Amino acid sequence: MTSTGHNRARSITLLVMMERIRAFEEHACLAAERDKLVLGAIHPSIGQEASAAGIMQALRRDDILLSTHRGHGHTLAKGADPLAMYRELLGREGGCCGGKGGSMHIADFNVGMLGANGVVGANITIGAGAAHGLKLLGSDRIAVDIFGDGAVNRGPFLEGLNWAVVFDLPVLFVCEDNQYSATTQTKSVTGGPGPAARAEAMGLRVTVVDGNNAEEVANAVDEITARIRSGEGPEFLHSITYRQTGHTSFDLAGYRPEGEADRHKAEDDPIARQRGLLAAMGANQGELDAIHANAQEEMAGLIKQAAATSFPPDDTAFSDVQDLGSPIREAF
Amino acid sequence: MTSTGHNRARSITLLVMMERIRAFEEHACLAAERDKLVLGAIHPSIGQEASAAGIMQALRRDDILLSTHRGHGHTLAKGADPLAMYRELLGREGGCCGGKGGSMHIADFNVGMLGANGVVGANITIGAGAAHGLKLLGSDRIAVDIFGDGAVNRGPFLEGLNWAVVFDLPVLFVCEDNQYSATTQTKSVTGGPGPAARAEAMGLRVTVVDGNNAEEVANAVDEITARIRSGEGPEFLHSITYRQTGHTSFDLAGYRPEGEADRHKAEDDPIARQRGLLAAMGANQGELDAIHANAQEEMAGLIKQAAATSFPPDDTAFSDVQDLGSPIREAF
Amino acid sequence: MAKMTYVEASREAVREAMQADATVWCVGEDLGRGSVFGQYLGLQDEFGKDRVVDTPISEAGIMGAAFGAAMVGTRPIVEMRFSDFALCATDELVNQIAKARFMFGGQSRAPMVIRKPTGMWRSSAAQHSQSLESWYTHIPGLVVVCPATPQDNYSMMKAAIASDDPVVYFEHKNIWGMEGKVDRNLEVEIGRAAIRREGGDLTLVSWSDTANLAIQAGDALATKGVSAEVIDLRSLWPWDKEAVIASVQKTGRLIVAHESVAVGGFGAEVVASIAQEVTMKTPPRRLGAPRSLVAYAPNLEDQMRVTADMMVTAAMEMIKT
Amino acid sequence: MAKMTYVEASREAVREAMQADATVWCVGEDLGRGSVFGQYLGLQDEFGKDRVVDTPISEAGIMGAAFGAAMVGTRPIVEMRFSDFALCATDELVNQIAKARFMFGGQSRAPMVIRKPTGMWRSSAAQHSQSLESWYTHIPGLVVVCPATPQDNYSMMKAAIASDDPVVYFEHKNIWGMEGKVDRNLEVEIGRAAIRREGGDLTLVSWSDTANLAIQAGDALATKGVSAEVIDLRSLWPWDKEAVIASVQKTGRLIVAHESVAVGGFGAEVVASIAQEVTMKTPPRRLGAPRSLVAYAPNLEDQMRVTADMMVTAAMEMIKT
């Protein structure tokens, strides 16, 4: 595969994954807003699915992933079970974190997904360290560490990237740049040319991609991860995309310039673009519609199943704390 | 004055200040090592005096300065009283911080020196904020914020520089690069090309100087501070120098490559270079020797005077804590 | 007297302080859109972007920069969004802000209000639910305020802004919408407790939203014939030890209740202080969270809560011994 | 039994653990030169630069990276140099490391030892002298260890490295040179106090270097005919409440002494816990630092110290009532 070529099977895989992520989150948002089944905040990645799909297709199941509060897509694409994820979002038994973490702390260690994070930027040093651990263990696994554009203004961005360069670690940092930090346009609070320039100045090899083009992301990450796995050191990917929704499912995002979101949805939606590409490659409308319908049907069924699950046993509130010292002995 | 010209009066001033800083610290080190009068650690800036002298001559008394654990030179050059500084180093009454801070927390708010800092890098955000305050107050004062090469690997470097750029603040950040972070060669733990590249990537205008050439530092800072004062925003100075001593006065620095320190002392001492320059400009040896002798005599007398001062009253251990709530009421 | 919610009350206090003093300003993330809970709604329109400052996501930067700006003569109000995120600025708050005045021998002041929305609030999980007020009581140089009502959130915010000390100001996320009458002329001295209910049988001490539960517990106990004195400390440093001593001298019984983890919580300080001074009829009690984490699932979250019922049960056990 | 200093004891424990388990490694600033107090002298020569890692000045990086490396199966020993600097990594320790196992429903472990040299040590001033151990007792998920002797610094370091929990490990800077016999076969269970001296008149509880002063106080009291039971808690979470209860049930009197600030210190937790369980002959007492800052001048620094004399005075006052 050249970096510009398209492999039809992979193109389909990318579309399928993006449709599944979109469907997963659309149903999660409905569950939150309409059905009040999700009590905590959820941060949809609707419009940003190309990064998740494009990056994860290049990873092995045992490679490591760290993500953010906006991590459903990454987690699903890494191979996590959507039913366990839904159960987690609904705080139910059988959730991938036993109902203890919720959307913001979703994790599935079985597929190398070591956690979303509720603290912006915190995963950057942790991801560097996971790669450090892999190197110490002599493993050929690699780590991918995804964060938003807002995170580049926090100290861990500098400390984590510097760490990876100094210790020459097998890690790919991805800035998934959706242009907003909550309600603030990130460029209004970011000095200088931005994430890529900063990473370059820290000594990382940098690639910038159109983060709404799944093929471009996939091609870039195929090459990058091959280099990293062969020991060429840490790299940085700046994936430029757009957050089509509010910051959380409850946020109407009235602070955005008029028409901005509509324009992105109409002209730059990663799923629509991938469908277009596949159509141009000869796929028929029916095939593409089926991918969409299957994803919707899958997630509609799973969220129902999750909603029918019971809440975790009360006493699990006191398990998984620590080995030494009982969590409840000083309680009341 | 052009940026390459030399003004004899200023050249003398620079030498005088450097000799005074050197003498101040030589006597402080003796007091620490030989006389056991200084109980805490002191971090000499011997070999780095050109930064202090060159930068401070460009500042007004009411401009703001923030510095580090290695801040004697900066503080003296900013106009602080060396007797009060010595008293502080010896923990005596009349010390500029009442004997409460010591060398590592030296400060003189009367001359705008808002404190050395015991936490590497912590002064970077504080300095940006001081400039922010000045701007809010509509003042024409500026802030200078000096830190070491080791500090560029801590988060506050990124957060402070970004802040200054985003809010377009009147602040000069100075990385006084003596090539060591305690016992570690800083380049061995710094990714990428280094401080200047990082600052540039954050959007600051960057100047790199030979930090052992007082004239070069002074010329650069004259121009930079003029720009900052006229509202052209924050800048960054990378001043490359060398720490001729150990990290503290007690550190023999056996970890340095053999001959490195000797070579620097012999070939690149900022005071010797300034003497050489003045000699080349026609100053006679006697005049230059007198500058040296005066500085030595001044500091020898002052440290004696400081050592003859009594310790602070015991009850000052409980003053200057806070207005609300008594510091001792819950004590024993 | 105006009727206001808890969130409106502190917003009003901030607005009035900003009107009265041009050196007062607010700094934090998303303030131009009101911040997460609407605490700043309208303030950027009124005072402009220079005095209601939208920042990068940069808690260390916010805290450090505000401190620098305070040292040169401004009075920043610092928004930390969730108290949990303030941990990203711990060096700045504890090693710098709290210590500067002392370390520099009295040369500096840090007149700052550091706002930390605190506590459990609908399935926010372990990183957005903590109550860490006891930490800051342990740090000389800091003032710690925990208002429980709209009136206190108005009056104590005013007092906090007026103070030259750095004030760590905990607003409880669960009661932003709580309504109450607010007298703009009422001054509340930081360090003075409020006796929310007088009683002779036992003393129930609390603060922040738990103080509201303590009032409920007092009401419930009254129906059982037990007269509880309910004390809302309102601030933990300084705290009104004298008021608690006077009450326990009268009642002979003490329960301290708080939302934060019991182990190492400020309840221990209150109990230890009083045990040292007053001989009680029955051993004192603390009610606090178990030493576990706040989970996301609502039923698990509830396991960490101290409720009015628990206070009633503990009180009845005490009365019966 | 070997004779070792306090600093040698933990270095030996680390060395042996590294010899036994290739996944144990050390990470911090200047470790190749032994770190500030010689804790790592020789280890880089023995184990190489990959297992004794020299880092940038980057506490948040060190803590966060070590955590990431722990989650993939290594066992990092994290050096914070001075406990004060660890505040630069508070989010990493408190929001991430302490919470991960729970938040992720038991999927992860963070087998880490976080070393924090602590306490007052010759004119180090406010930013290099703090004792903040009580903070970490308040954080579910963390273990807190404070050894006072070479033997404990050997045995408890071994236990800390062996634990799958994150252990916050406070070594007192004042006693690096303290010598003592160390039995390499002696295991010390974290959570088990040491009765340093048996006695029947009063119970004196302490930890870290203050426990050594408590033994001196016990000796001095003996010469005055007062028999003090001296308990060194050794770890604050878990802590040996049972041992203290048993002792106070016997003596009826309790003094808790520690170097950290009294307000919000762990002494309050001990006193409150015991007051709740045991009826004492006299009110319990706490000895801790005033709520002020540690100054640089030696005489001012001394104002913050809890001494053996103070313990004796407090004990004599108690005995007389």
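Some points to look at:
Chains: A, B, C and D, in written order; residue numbering restarts at 1 for each.
FYI, a contact is a pair of C-beta atoms (placed from the backbone, for glycine too) under 8 Å apart; a residue touches a chain by one contact, two chains touch by 3 or more.
What you see is a predicted model; the values in this text were computed from it and never measured.
Any chain that touches subunit A and also touches subunit C is listed here: B, D. The chain with its CA mean position farthest from that of subunit C is B.
In terms of their C-alpha centroids, the spacing between subunit C and subunit D amounts to 30 Å.
Subunit A and subunit B have Cα centroids lying 45 Å from one another.
Computed centre separation for the pair subunit B/subunit C is 40 angstrom, with centres defined by C-alpha atoms. Multi-chain contact residues of subunit B (touching two or more other chains) are listed as 95, 97, 99-101, 105, 117-119, 153-156, 159, 162, 166, 188-190, 321, 325, 327, 329-330.
Listed for subunit D are residues 55-56, 58, 60-61, 84-85, 88, 91, 95, 102-103, 125-127, 140-141, 237, 263, 273, 286, 290-293, 295, each touching two or more other chains.
Chain-to-chain contact here is organised exhaustively, every possible pair of chains being in touch. Interface residues of subunit D, counted against subunit C in their complex, comprise 84-85, 87-88, 90-91, 94-95, 99, 102-103, 125-127, 132, 134-135, 137-141, 237, 260-261, 263-269, 271-273, 275-277, 279, 283-286, 290-293, 295. Those residues of subunit C lying in contact with subunit A across their complex are 29-30, 32-33, 54-61, 84-85, 88, 122-128, 262-263, 286-293, 295-301, 303-304, 306, 310, 314.
On the subunit B side of its complex with subunit C, the touching residues are 64, 66, 95-101, 105, 107-109, 114-115, 117-119, 122, 124-134, 136-137, 139, 143, 155-156, 159-160, 162-163, 166-167, 319-327, 329-330. By the touch criterion given at the top, residues 153-159, 161-162, 164-166, 188-193, 197-198, 200-204 of subunit A touch subunit B in their complex. Subunit C makes touch with subunit B in their complex at residues 23, 25, 50-51, 53, 55-56, 58, 60-61, 63-74, 91-92, 95-96, 100-108, 140-143, 163-166, 190-191, 237-238, 241, 273.
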